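Every chain is named by a letter (A, B and C) in the order it is written, and numbering of its residues begins at 1.
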């Protein structure tokens, strides 16, 4: 583990990724303690609306005189937790499907991969839009599940490829010759080797999911109000673009920073864990 | 094949979702219970599921997507009206994506390692990490609100459009098209540039480029006719991948800029519980993706003679 | 007779990281009009780099041709020529044929257009005449049905045919010198003979001088007037072919000749030259071919 961190630290871009991600996660976790105000508190409806950024309100206030910085911080909590959990779902399903396809081979493999290819062709936001909307607006849990269930396709392909290549390795053949059953084989021998590419895919996937969740929230079908999500804040901000541009700007910057962080981290992990893909 | 799957999937989802279309519709406009019952019978919603499914498929095949309660007309009509706008936007965005992406990627390759190269890579990464709708909002903020150069939305200025000359009309349209098209195309351009750069660097080291130089060709000819021509090939494969992204993107961009296309239609329909339209849009979108993929495939065959059938 | 090509003190090196590999280290030779000079050596001897250096086809960086090097063509130093003038020489006065025809031809352009391209780059000629001349060239290098073949793509041809196309391309503007870098190495043995015969024929017809680079002594024996043997980036021996073969002066040449398998004296084991070529980054001082004497 320390070796991994060291490897990441040495590569300049990966270092940035690590720093950004660590900082953002830290902020998200500590939000309840470092946020200056309650994100839902409407502080002063008479005079506190759309205040420009100042020392009192570093990010300004919104239409309901809520402090924007606090909202963005809590938004980080929401968006990051949703992303992490969704990715968890997605890599679980993706690994399961990928392993099955890779190990079973033949018709099962072909069928599964055809399905995956078709699914990859579908526009994700579109699909999610339709799915989520039909359920009358889902709870956060539902959102996590749905996001996870629509994001596993890429992971399954990666896992399948790895499994196919690992199958050829001699230690697998040796294990089979010793009579080790397929389930044990999968869990004890294949899984650890899949860890590296799956972790890379997961890290990069977090960034993607954050973007998608933000898009859904922007459109009004993501996280339900008044829970702050970066996407919905931007949507609110667009209404007041001429009057209070900061409302739309800051959450967006947060998103960009987060996604860049995870992208750099993901690339760095890939280079460190699997130098053959350089 | 895919279209069929999508249609089925949509149907299944609709069935599984709580309530039925009419109940939803009644929440928007107050309709007495008897009328609801009457409508239910009319639309066959009281029949068993498999019957409904069969009717549904038959209808879809004929192009009848059902009735939109929200707009008080057949869903198909609403779609037909909006599609050209989306296609226009998508086409403009594609042009931007590829023209910009290829140029920048090729440029980066020739100046590999330079400050310009690093800067452009950084810009690409940032664009790639941005939510498309936020880019739109920011562009709107900068160019629409602050600088006032471009309008905030819509396809044309309805007030003055009818009075403009044909050239003026074209200008007005372009004026409105630029910001949304740039927004939609920028992210794709960033991805394309990355690919193109890698492809160029790869090609430049290949033998036939050396042959071209040895023949005494001008550097420009070597670059365009030999290096770039070949470097374009992997980038063309991106073309097919972009269609689903364009569709997703257009949902967002159309919402940001109030562009009356099928993306915005979908969002409005969803908020308004207009299931007929939602179904219709889903199916149309699937068709568009499939067509797009076919086009991309065709384009690739044209470009790379090695993929063509034996003569 | 005035030499067509005068090479003096050619030094080409490559910088990788912090080490410098001196691939060509003080090479000098002459090429007379109409003669064939064979440059023989094993891989790593620097023969290909020499050929590429003549037309300045080395990537700089990481390559570097020393300033004192002289490559004189008809009295003009090619190494100091401005790019525009050099382009006029390439392909029209001095042409080159490469080792791997499959990768040396542009896969997305037809064979005909690639040949015509050479013509139109150096002559003022209409598209139609260029196309007609292309067909003629294809016929001349022995490609059957040239009118049809000219519209084909490289991947539709065999290796031997691709090499013929390369030759046609190189000869399009009737150059004075043809540099052939291992033109037959990538081909079947039977095709090799055909291509070599073709080269000899064309050379005679056009009165060209040819620089033939190869590791195969057999090739050189049949076609070269003079031979230069390269080892470790230097020319260790040079002379008329027959004389060199019967009376080699340098131990390396001797060893090469001995190592070549002969049909008329079959042996159980082929004599091998012991040891390996030292790396170009660390040439030994003094003779580079120090070997235990047999």
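FYI, a contact is a pair of C-beta atoms (placed from the backbone, for glycine too) under 8 Å apart; a residue touches a chain by one contact, two chains touch by 3 or more.
For clarity, every value in this text was computed on a predicted model and none was experimentally measured.
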{"item": "Chain centroid nearest the full-protein CA centroid", "value": "B"}
{"item": "Of all other chains, the one whose Cα centre sits farthest from chain C", "value": "A"}
{"item": "Two chains sharing the most contacts, counting C-beta pairs only", "value": "A-B"}
{"item": "Centre-to-centre distance between chain B and chain A (centres being mean Cα positions), rounded to whole Å", "value": "23"}
{"item": "Whole-Å separation of chain centres (CA-atom averages), chain B against chain C", "value": "53"}
{"item": "Cα-centroid distance, chain A relative to chain C, in whole angstrom", "value": "57"}
{"item": "Residues on chain B engaged by chain A in the complex (per definition of touch)", "value": "2, 5-6, 10, 13-14, 17-18, 125-126, 128-134, 137-138, 140-141, 144-145, 243-249, 251-252, 255-256, 266-267, 270-271, 275, 278, 282, 285-286, 289-290, 293"}
{"item": "Contact set on chain C toward chain B in their complex", "value": "55, 57, 83, 86-92, 95-96, 98, 100, 103-109, 117-118, 121-122, 152-153, 155-156, 166, 169"}
{"item": "For the chain A and chain B complex, residues of the former touching the latter", "value": "118, 121-126, 129-131, 133-136, 207, 211, 214-215, 218-221, 231, 234, 237-238, 241-242, 245, 248-249, 252, 255-256, 259-260, 263-264"}
{"item": "Residue numbers on chain B that touch chain C, as the complex places them", "value": "206-208, 210-219, 221, 225-226, 229-230, 233, 303-306, 311"}
